[in-house]
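Structure below; questions to follow.
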């Protein structure tokens, strides 16, 4: 590689079909209200953790739906499960359970098939 | 005629009896062995200490008389009493009878149980007759209870219960055998009495009636067999059924009186508790998820059953408001919520106990404790820094969604003239309890440490919080040497010490006791006194221990928003039945949840007080510094 | 089949006027230095085979397009340079310009469009050119890219075809990926045969020469050159990634060759295949081979049966022997690197497919 | 007074208006270029938000126009429209010239021609269809791919020809969003196993019960929503469509394989409307629809006295709005004729 002095840059595209959406299937099976999210961002605005870091539930939701699991895995542990998000969600998404289930799904390895 | 000493029909009974005795011993030994060292000591001390007498008393009152049930539901109580206490009497007096009237003393148990068979012509003399009368009386007592029990199965309304517990097949067999015991005894004794013209008002008359048109003597024998068989089956099946609670409960009472508590890990005590559940179903009636949200699968009794059978109970464990109403009502005094928390803490895929010997035993598996990653979850938090103050105000996450409470507290604290500081004014760190309720204690610890440092650094002597959730965890899981007060308690102090002047408002109000403040932390009186100080407090019929959960509880992770709303609607309907000026609560989460479900005004106690502050300057005084005992997490993991 | 005629329906909406004869020919910097065979053959084809009049003026220069797209040549400058070419054309009395480079083609059309909408620019340019060189110019009547011309005469070439685009081993038509230079039609669809989405200029040749056009997801994606992206070394990884994206998208279709009409594309799709192989060990053709990248002239020449070495296929990074075998073209490996007068040329190292 | 009104266009607006005018005692001539009345309504399957069958509405409208005061001229194009003094002369395809006291234009809309957005490959790739095509499939009760198989993943592409300066329409057709949601639900009802995704720029759910329908689509039919406009469609080796879009909420490009892509074609001023407008010098707005005299209280009148507008020839309207717009046109006409054509 050195002899070229430059390297291939990784593709940024979300390859929907290549991505593994088993985590989100696992969650949706137990918490269908995740489907109701309209990405308004209210949860992120109210978030206690979001007060200290870039953690955003809205982002978590959409990343889960796209199967961008690695990102979710890194971010999700920041949540404090305080539950403010539930109180502000305009669509009644049980956000707390989504986080809880996501942690659980990661815990019992990602091999879960829906 | 000469009475014989033995007959083959007693064999089933004997087998059953000795089996159950041996089993009881073995199981007790196992349970004792699995106790932690300190608990072993506690138990020994308890057994040879004054706790012993206490235990006997409790066994008599609860296991036999069933006092708790009698209080809350007389008919149900009578049912349990007649069966338990009645049977106890029957055995007791049966043995005495056999001892006195048998031709020899110290008989094997079967002689007592089947006394009538072995000395059928007994009952001639007046003394004998009167004793027989006593025995008949006891039998009648039991049968009356049995009648109730049978009818309860078919219509639980009769004993005033809304739902009755669902049974597994083995339970059914055991139940039938239990039901058969006393009727078969009745028939057997009656027939024998009929044949010999003995027996008292029950067996005697029934016997005579039957003998008048039946070959009593020949018929009696099969019924003695039936009696013995049903006893035998019942004893043998007992360990597989909920009736195991009968012996287990005794063990439980001894352990509890010796000061053993559930703790936060599975162990003998929780095992004994689980097996002491008689599935009486009283927890089902008080559960709001049942009567307000139509969820009938997760109540305490089903949790216990699930654990006993080592079923998959993840959903049962998590789909619970953790309001503690079942802990309150349980006649056996099982610490239900701590047990639920234990199940939550255990990783879903790892089993701690496993049923063996077709369920006759449960062995503890020594599962390797999963290696926890030590990576901190909240390393993004800044270094905790707080300014010096005497009194700290920690609003809590939820309070930030109810600015009215924040405003009110600021008003009150300013009015008090104390040197106070608002530690989470621009958004703080969660207190950690929500994580605990989800079974993530390790993560919770991180937050606890952060907040603790914040509080230490301030050098304050008092910590006031508006959120009962925070209050509970501050008191129980934080290692603080400051006085932790919920704002209702704090306001009470201010009033007592004359630090605020309040006007009396012409208002009729009702008060909703938050679960975390009431049942969970035992704070009932202060809020009510504060309210009475500024308004007219009216009872709702759901006060103190009997208070309801608003439905918003963080204890439940799975509950859907509309079900929460349904619960809140029911609660507000009950609490505003007599149309008060406003419904007062002392928790931001309760306030938010209730307010969404009712048209009448819902207020936090602090708002009520702030509205009553008189402008006259309050006389300054230092708040007392008396510290409050700090409860450790181990003994109050819930 | 339906799909293709539907496609043709689309490109029919985009027809352009392609002059028939008398072209003023402007060369491409890249092509004349990297694949000189192509331009050589173009002139030979038009002049000697089709008997057309093609004039080129030795004193015509680069269009400075690369400098322009790399932000080092200002617009007014490049306008003036182009204007000078027009004046050379005027001197020679030509009205049709045939442009060998797609970048230049983009520049020429862009400038003409500018002049249409901003006549003042045209006037300024006239002034600049006059002040600088004393020259004057007219706007050409017909502006075409040389691929347009080959496209126009594609059937004439097909008539002379010795080796149609058919895999002699299987009898199947060859699967050809056509890659159109971005600046050919993406800037002004109306100036490209078939427009921007389904340009027909190359697919038309492929179809009439018996091949089969491969339609793959990244068909319209850039070859990766992207001027700045390549010219600044720090960005080259990005340039390369786009080439990878394009090739990995066509790979499943097992194309037999790539046909391009743009100098940059030919060069990069050819040479980046080597780089990628060096970096990642990845090749995109069937059984570990790389995919030959040809210009339309080179392909025309092969079809008409010219000697592959005479049109300079050996100068590519990806060697075309696998393709030649499929087409059934006889060739002599020995004179591959011999000069016309039989002297041995130095043989390049790590050529692909050999 | 037996005055005569000429209604041009036998769609929803024209039929409703004709009926109301007739019952108001006026004599009406209703001219429709098609051989049947009903306009676009005849091509729709279910109507949002309640998914009631469009035929029911059609029945109602047919009922409206069966009136002795109404003269039906179907299968006839209007070739001319001149004003003569206080009257109008409308000439039709078969050379007939009809004189009327007032003219009501209910020329409606044309659907955007999806092939104009080449990059989406309508008419080029199999299984790229328009929302109208899908409605037709629904009506025929045979929704399937060209190869006869049932689709497993379907994409709905919002704003095709709307809010698109490249397509020459910067306005929002306002009904495509809810149509997409409705169709997504229909699809999931037919293929419960299928996955459906809507690619949208904004969800414009303005109408009554629209948002509820949106929520239902999420809740009961787990329709997925991806915020981003598809830039280009291609076909991969398995002959499956590949949609390329930016997932604007993630901030990264996304590519997804689809079996079927439905283009939510927007609404444009009808060609015939434009012809008539030029014929009779009727002003048109930026969006090429008839320009109303006033946006608040004059949406039924234009720059020529005696010529009235009803329905989607003034702006994209749904059936409900069209019907009420037609009714308001009727009151305008009646008062115009009663007040000496002021």
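By written order: A, B, C and D. Residues from 1 in each chain.
We take it that a residue touches a chain if its C-beta (ideal position, glycine included) is under 8 Å from a C-beta of that chain, and two chains touch if they have at least 3 such contacts.
Worth saying up front: this structure is predicted, and the values here are computed from it rather than measured.
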Interface ranked first by C-beta contact pairs: A-B
Distance-to-centre winner among chains (Cα means, whole assembly as reference): A
Farthest chain relative to subunit B (centres taken as mean CA coordinates): C
Averaged-CA centre spacing for the pair subunit C and subunit A, given as whole angstrom: 47
Rounded Å distance, subunit B centre to subunit C centre (Cα mean): 84
Euclidean distance of C-alpha centroids - subunit C vs subunit D, Å: 46
Chain centre separation (subunit A, subunit B; CA means) in Å: 38
Which chain pairs touch, all of them: A-B, A-C, A-D, C-D
Residues of subunit A defined as touching subunit D within the complex: 12-17, 28, 32, 35-36, 38-39, 58-59, 62-63, 65-66, 68, 91
Subunit B-facing residues of subunit A, complex: 30-31, 33, 46, 48-49, 51-53, 77-78, 80-84, 86-89, 92, 94, 96-97, 100, 104, 107-108
Contact set on subunit A toward subunit C in their complex: 1, 3-11
Residue ranges of subunit D in contact with subunit C within the complex: 115, 118-119, 121, 123-126, 232, 234-237, 242, 244, 255
Of subunit B, residues touching subunit A in the complex: 347-349, 375, 377-378, 380-382, 397-398, 400-401, 426-430, 432, 434-435, 438, 440, 443, 447, 552, 554, 557-562, 589, 592
